[in-house]
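Look for chain A in each of the two complexes below; its partner is chain B in the first and chain C in the second.
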Partner chain A sequence: MEAPPVTVMPVTGGTINMMEYLLQGSVLDLALESLLHRLRGLCDNMEPETFTDHELVYLLKGQQGNPFILRARRALSHPNAPWHLRYLGQPEVGDKNRYALVRNCVDVAASHSLPEFLNEMGFRMDHEFVTSGHIFRKGAMKVVVCNVSRVQLPGNTENTERMSNSHLVELSVLAPAGQDTVSEDMRSFAEQLKPLIHLEKIDPSKQRH
Partner chain B sequence: MSGGPAVRISIESSCEKQVQEVGLDGLETYVPPLSMSQNLAKLAQRIDFSQGSDSEENGVDSEPRDGEWGKQEPEEEEDTVKFQPSLWPWDSVRNNLRSSLTEMCVLYDVLSVVKEKKYMALDPVSQDPTAGKTPQVFQLMSKKKSLATAAQLLLKGAEKLSKSVAENQENRRQRDFNTELLRLRSQWKLRKVGDKILGDLSYRSAGSLFPHHGTFEVIKNTDIDLDKKIPEDYCPLDVQIPSDLEGSAYIKVSIQKQSPDIGDLGTVNLFRRPQKNKPGTPWHIKLEAAQNVLLCKEIFAQLSREAVQIKSQIPHIVVKNQIISQPFPGLQLSISLCHCTGDKKINRSSPEKPKPDDHLYVLEHNLHQMIREFHKQQLSSVVMPHPASAPFGHKRLRLAGPMAYDKAEISSLQQSEGLLEKIIKQAKHIFLRSRTARTIDCLASRIEDPQIQAHWSNINDVYESSVKVLITSHGYEQICKSIQLQLNIGVEQIRVVHRDGRAITLSHQEQELQDFLLSQMSQHQVHAVQQLAKVMGWHVLSFSNHVGLGPVESIGNASAITVASPNGEYAISVRNGPESGCKVLVQFPRSQVKDLPKSDVIQDTKWSHLRGPHKEVQWSRMEGRNFVYKMELLMAALTPCP
Partner chain C sequence: NDRSSRVFQQREEKQLEASVDTLISLVAHVKNALQSFIAKLENEYERLTWPSVLDNFALLSGQLNTINRLLKNEKTPSFRSQVIIPLVLSQERDDDLAKLTEKRVPVFSHEIVPDYLRTKPDPEVEEQEKQLSAEAARIGPDAAQKQIQTLNKMCSNLLEKLNNPREDRDAESAASRQNKASFNPSDTNALVAAVAFGKGLSKCRPPGPVAPGIPGQGPMMSGGPTLQQVTIGGAAGQQAGMGGPVAPQQLGQPGKIPSSIKTNIKSASGSIHPYNR
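Presenting the complex of A and B:
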């Protein structure tokens, strides 16, 4: 008899029960410079860093229900940094009082043999992309401004093609479940970026065509 | 001409009007043509009235006369009309003509008289000043009048000027405020909240986690009395700092021997010279002082938090503004925050006797340095995650999983020594070092023979310093170099390294070091004899650093040496103990001993070369300034002349 499939229940309990509060938006490349300038002024007094990451999305298809998705990510600019394995739960839009999208989130640092390990476990790579951009920090808030490029040949991160002429902007905070006050901080921060970019909670399930 | 196209020539009247200005867009604005009346006024302005000014007197003179004439005439006319209505209408003209005729006749008579020169002659006469009295009055009055008008004009102008000067000053003050604000802005963080300008004193941007908001307010200080003299140190910009950051503060670290009763501990008042913060102090001094107060408060808050958290055998005590810790038994390290607000009168402390200055400035400085290091660590520990989706956090901690760190490695990552622990360790080291120095100095001054020298290294670590101790005999430094000790003074203990590499660890107890040095000094004497024997050509028969015989020493062991003279006739035995002192015996050849009891066994003459019994030398009565010199003399005495 075949072993029961891996449980698709989200991991809960303990210190790993963290939620990601997320706001998203996009900005055209033309307005990118002014947005970066604004962010440099608003965020913590650190040198803003650029990054280039390669993300692989793995699926584990069970017998029924939705497939289990894991995201493996590595930094192309820092080849020695550990890989990052991430589980993201179903996003909760919540009521109007909560300004940000909330989803369960499990972050694990992993060694470089992660893809092989996932393959051995039965995961299959669904798609991959290369993302590069800037990362800012204000307190616990992380602001990532990045563009997304399609990988044309699987596994070849040199040969990529930009998906669009705009940059994705994500404002996120990792916090334990139930700390909705962070969304207030995010709201006030998003307000300060208002004319340049409108950060909103975007429910991906409604974006599907 | 007829064949070509007609050339269009636009004719424009030449610009008769004056151009007033040319706008930025090239548009010319003309001066509108003068109207008739304006033209007249303009022409009238050109007339120079000053040309007729020399006739002013006459004019002024004649004017009132004319007025008089004018007035009189109608009166007369009226009179004639009133009283002589029957008279014909040219009566007044006739009267005037008549009077003029009379005058002309008089004039003719006078002229004829003058001309004949028989009766009178005309001579130029000096002008009588009284003659022009009337015109002078007029002159004076008119002058007065015109002066009054001129004065009025001038006064008006002056008023305007003074007004504008005051305005200017006001403006300049305003501008000064702005330049000052600019200077302030270049050095301090400012932000505008409502109609206030707030600044940030805190070290938060430098990595501090101290929760004090540290906000100061910028005040415009322009409403001073304009009439009064502006003080030299006047500054249009003032700052309002929070009341709890006013005054000056410092951290005092001291080590005391005996601990006072805890009940006595109060707020330590250590200000001998309270510094006054005058209201006129420039803002940057004020701000720097306030920031220093804030930093001192942060250091103290951090220390007291650690003092409560850290578990130690003897708990640290935090009382009011003092933290007391016991680094060594019977020793008390006190760290206190001294904050003087400047407002309070410190009367209580003044009658007290000035206490000895027991500041440990090095530690105070190190505390400041450490809190800044702590800040820097806070700042540098936050690095951007790579890949970007990873959470913020310690970079090395993120490596723990993939690199399979064990518990020890992870705990080594997390372990960070607190400020208090560090400062206590430094205090312990400083105390141990100073006590070691004192011990060595005491011994050196108490014991003259052998001599003890200490060479301290100038450059030390905060937790470790070293001293080289040499034990020598005066005059024999070159041959008696046996004892060279390197003392590495740590935090809790002293590590002694011998010249040959042997290492001994001593505790912080003063007595241990003293006993050790004493035993080393006693060994030195015996070593010195050994060295001396080599130089003098004597043979070492036996040598022992630790003699198992004889009286037991309370500290260390006695050492002994036996040396024989070059020809083997004499032998000297020396026993030297740290406590019992030295004992020197000389063994004579058997032949020299007269009262040797005859033995049946050794009758042959060859046995006479055996050495005989020992005799003790009364060492204190020996000549010589120190032990080695005495020994040299003794050896020389026992060596037969060749």
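Presenting the complex of A and C:
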């Protein structure tokens, strides 16, 4: 099992061994309303939440050529909220018995000086993007429906351009390592969204080229 | 003269009494018929046939007609001109009254009297009714006929739609299945790749001299591969780094980092990487 380098491990344990189970898909803008409608029906009864986040992906290059990656996120709609620093491990596709992608996941809240801090540590920003969309919850499951926009000028989140006419849909659950049963709940939930969208475990390494 | 008027009065009173008695007995008939019908509906609904339900309705309708005929009869004194005044209102329970009304009205109080002795609707309701009938009178018979026709047309259209729902719905869902894909797999892949490692997103260049015309060769890029160029299947390599002999060196480094970074920023040509040794 991969773990973040000891140097950046947070001192407080607790969430250190959490795994993120993930299914991904997308929905065309034409069918977005139908999907949101269905999610409102399927998910926990709550006021639908929207968000607009700016994500900056930082690299720390090691001598082996494999950079260490950290993701810093801030909510554009809540400028005073803390930043969100996230480490994501290598995704494991696993076998047919596990229905979701699994990756190590460490979430930390951070102060607004996070970019400067990361820079001082030797991290460099590799790329950034803006996501904006809706969050739904059903029990431990989280459903995020969002569009992804390029940032035209570095750091300027006013001037962005949509990637495509589709919204990214992610169904995720945070659970301690080894609790593969959560992936079955995720699969049955994903089944209920067919044929509108297909949520699958997509191996990102295959999308590289 | 005085005597004849008294005789007349007496005769009228007798007539009134007789017609009230008839009315009471007719209402009692209706009540009995209703009671037995309700009892049948409640207890024998499994065996009850539609013709017998219709029979019951016919019986009720006949009895109501009889009451109507009696009220319209010339010999029946006009009940409308009779006035009923509640003489005593009381909060006390009245056993006689309860018995008379089959325990429906146990108390003759100010609360229930207005409801039971009411002969006209509430003033507001009366006012509304007046407005409605005035409005109805304003529309000419031709216009009314037209409106009736339109309504009938709409109703029959609606009925038609309700009667053949399957055809329409099948056609609709088939159309939506054929014409509108709700998702696009290549968009999915593009979005996943963008969020995972920034594929298709513009790479960031730190401020500084960038060689014009040579994209992707900014100062930061030359030190190592971009995220997109690195194979993600590098878990094993990192693991080796963690457990291998290199790890202690990494751990021992933090003190050095700031100075080497400064060097790096200054040397914008980028030939020196902080971790290249």
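By our rule, the second predicted complex is superposed on the first by the 193 of 209 C-alpha atoms of A that agree within 3 Å, B and C clash if a C-alpha of one lies under 4 Å from a C-alpha of the other, contacts with A are read in each partner's own complex, and residues count from 1 in each chain.
In this text, a contact is a pair of C-beta atoms (placed from the backbone, for glycine too) under 8 Å apart; a residue touches a chain by one contact, two chains touch by 3 or more.
These numbers were taken from a predicted model, which means no experiment stands behind them.
In the superposition on chain A, contact of A:Val93 is made with neither chain B nor chain C. Contacts of A:Val106 after superposition: neither chain B nor chain C is touched. In the superposed model, A:Ile135 makes contact with chain B only, not with chain C.
With both structures placed on the common chain, the touch criterion links A:His127 to chain C but leaves chain B unconnected. If you count the residues of chain A touched by chain B and by chain C, you find the higher number for C. By the touch criterion defined above, A:Phe51 lies against chain B but remains apart from chain C after alignment on the C-alpha atoms of chain A.
Residues 131 of chain A contact both chain B in one complex and chain C in the other.
Listing the residues of chain A that touch chain C in their complex gives 2-3, 5-7, 24-28, 30-31, 34-35, 57, 59, 61-69, 89-91, 120-122, 124-129, 131, 148, 150-152, 154, 163-166, 168, 195-198, 202, 204-205, 207-208.
Taken together, the chain A residues at the contact with chain B in this complex read 44-46, 49, 51, 53, 55, 71, 73-75, 77-78, 81-84, 86, 107-112, 131, 133, 135, 137, 140, 142, 144, 146, 174. Those residues of chain B lying in contact with chain A across their complex are 205, 382, 384-392, 398-403. Within the complex, the chain C residues that touch chain A are 177, 180-185, 187-206, 220, 223-228, 230-235, 237-242, 246-247, 250-251, 254, 257-258, 260-261, 273-277.
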